[in-house]
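Think of it as A, B, C and D in the order they're written, each chain with its own count starting at 1.
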Amino acid sequence: MDWTWFHRLASPPHVYRIAGTLTPWFAWPAGLLIVAALYGGLVLAPPDYQQGDGFRIIYVHAPTAWLSVMIYTTMAVAAAIGLIWRMKVAHAAAASCAGIGAWFTAASLVTGMLWGKPMWGTYWVWDPRLTAQLILLFLYLGYMGLRAGIEDTARADRASAVLAIVGVVNVPIIRFSVDWWNSIHQAPSVMKMDRPSMPADMLVPLLLMLLGFTLYFFAVLLVRLRAEILRRERSASWLREALSA
Amino acid sequence: MLAVENLHVFRGDRHVLRALSFELAAGCCLRVTGVNGAGKTTLLRALCGLVEAEEGVLRWRGVETSRSAPGYHAELAYLGHDAPLKADLSGRENIRYAVGLRRVLDREAVSRALERVGATAFAERPVRSLSAGQRRRIAFAALWLCGATLWLLDEPNTNLDTQGQELVAGLIEEQLRAGGLVVAAVHQDLHLTAGRRMDLVIPGGR
Amino acid sequence: MNRSLPPSSWPVAGRLVLERDLRLAFRRPGQLLQPLAFFAVITLLFPLALTPELERLREVAPGVLWISALLSSLLALDFLFRDDAQDGTLEQFALSGQSLTLLLFAKTVAHWLLTGLPLAVMAPLLGVALGVPLQALPGILAALALGTATLSLVGAIGAGLTLGARRGGVLLSLLTLPLAVPILIFGARATELAIKGAGYAGPMYLLAALAVLGLTLAPLAAAAAVRIGLE
Amino acid sequence: MKEFFAMGGYAWFVWPSYLLTFLAVIANIVIARRSLAAAQAEARRRLAIAGEEG
């Protein structure tokens, strides 16, 4: 097994260059997919027999909800790699994820509330999924709070990595306990819409949007990753070369 | 016995230790000198794994070991600027709990250690009521008792009167005679009369 | 020279750390009462804020007891490692050659015996002030004892992580409370059922499951956190 | 065209959702680019300092 690709992946200058070249390859497809999904979702897809055009919020709510969990998992995996193999690039990736994840968790909460209002008459509904998203937002804020609280970057990387790993273990447990809590109190549920039962012309735009947002996330991640790599890089010679390129 | 190669340590953005290497044989004392902030304390903490190093290999007994390997830790003792003692416990209790983690102790052994450093008189009072010099003696009693092969001492003579400094010199000589190693970050001389010595100067703090 | 003394085994080391922390705590009994006083004050605020009618208080009693207990336990968690870090003894633990996970686990057990358990014992008495029937007392005690144990284990990770951070106290709560949500949900439900006189085995099993998870994983994370915090 | 924007009466919920979501999308692009620019500027400053001492 030839591990050189793995070690090359570890070298910051190499990753800095690759991230630069890859960004447009993620950004443009993401843009196209999102525009196509917007058109499909807002124009082509028929209104829902129950929720009418209100259901179209799913085309922004589902992707943001998906991103919030996917980004946290990505952050935890990057953190674990950083801790186990002592790879600064992995810590840089984890640091880049947090901000994006928090933004989209907030977005998914807001879109969830805006969806809940017409359906249940109140903005905040203790729906299990929304509640779990709210707790996930606190996990992000805790992660960012810990990072901000420690000056030394190397130490902040390692401490927040431990927190991210502990957090990702707890995400399913929190989700289970909130669902359990919901089942014993029969709280109203906004998100009755389970995907399989959606007809194709409703479902396709949703899948396009999910893929579009995922690619978009990686495009933004790569840009922030380059910034975090620069902040952690110490060898002057490499910096001069990277900045001149 | 203890070899360090190409050690690089950063504190925040400061490149504190640059490509530091040395070899220390059994029975030898390494005196580490340098201006304040040069990185003497950082070196000691890096040697015992309390501080992460960017790069660098450590060989203990000729074998490359991780700086935080339990086996290696069991053979070393680190004494920092201030004596690591609980203020609400007495000197005896502090020793019993600290060294008890490493060695099976009985009351007799602890008394011997206190006797060795001349701390028997104030051993039963809570450490809170002791002077800095007295606390240092209690810390040295624990150090002497745990019988570590490698001593990492950060300015061992702080807060000690001349009599205390003679005690420290005696303890270090005893450790060297027994084939142990000592790495001491020092400002003034250690007044050692016996045992081989080596010097390491860390370039000035930037 | 003292290399002749036999090396200490891990059970002995764990017992010593536990004994040391208990002895230290009883040297300052005042500090032991703080979390209990805090617990009492918070719990007794609710009737003033809500209603003197025991009937309605019984309705919110589980939530009040559990949230107050969690906050009181968190209050004491902040000092779990901070004192030892400041006087340098925590470093000596990390350098002792014994497994840091074990030593910190012993400290966490000491913390639970000194704060979690007393809170659990005191909760039923405060419960009576919230109109909780007597026959619910054992249920409340059991649930809280188990819940505070898990919280101490999870909280130890936060205590370690915030060791080197500015404003550690506030940060500790922000880090630990989201992770304590499952404990709160199952615990409050067990207490609610106990108050209603119904069987509360279900949530208790779930609480026990959390405790087992906490027992196995949390000490490892706490040791890693402390090692990073000590730098 | 008008009934398209009416969104079957849910206009006040659908359009704000889309607006806020794409606010987040745009915001993250801006933040990322600005973060990279700042890191590059700071790296140049560090280089300048290192240059003098090197």
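Please note the rule applied: a contact is a pair of C-beta atoms (placed from the backbone, for glycine too) under 8 Å apart; a residue touches a chain by one contact, two chains touch by 3 or more.
As the structure is a prediction and not an experimental result, all values here were calculated from the model.
Central chain (C-alpha centroid nearest the global protein C-alpha centroid): C.
Contact tally for A-C versus B-C: the pair with more C-beta pairs in contact is B-C.
Centre-to-centre spacing of subunit C and subunit D amounts to 42 Å, using the average Cα coordinate of each chain.
Note on chain placement: the centre of subunit A and the centre of subunit C lie 32 Å apart, centres being C-alpha means.
Inter-chain spacing, taken between the CA centroids of subunit B and subunit C, is 35 Å.
Mean C-alpha position of subunit B lies 52 Å from that of subunit D. Within subunit C, contacts with two or more other chains are made by residues 231.
Residue positions of subunit A touching 2 or more other chains, listed in rising order: 152, 158. Residue positions of subunit D touching 2 or more other chains, listed in rising order: 46.
Subunit A meets subunit C in the complex at residues 83, 135, 138-139, 141-142, 145-146, 149-150, 152, 155, 158-159, 162-163, 165-167, 169-170, 173-174, 176-178, 180-181, 184.
Of all residues in subunit D, those touching subunit A in their complex are 4, 7-10, 13-14, 16-18, 20-22, 24-25, 27-29, 31-33, 35-36, 38-40, 42-44, 46-47, 50-51, 54. Of all the residues in subunit A, the ones that touch subunit D in their complex are 42-43, 47, 52-54, 56-57, 60-61, 63-64, 99-100, 103-104, 106-107, 110-111, 114-115, 117-118, 216, 220, 223-224, 226-228, 230-231, 233, 236, 239-240, 242-243. Those residues of subunit B whose C-beta lies close enough to touch subunit A in the complex are 10-13, 15, 52, 54.
Considering their complex, residues 157, 161-162, 164-168, 171, 174-175, 177-179, 181-182, 185-186, 189, 206, 210, 213, 217, 221, 224-225, 228-229, 231 of subunit C touch subunit A.
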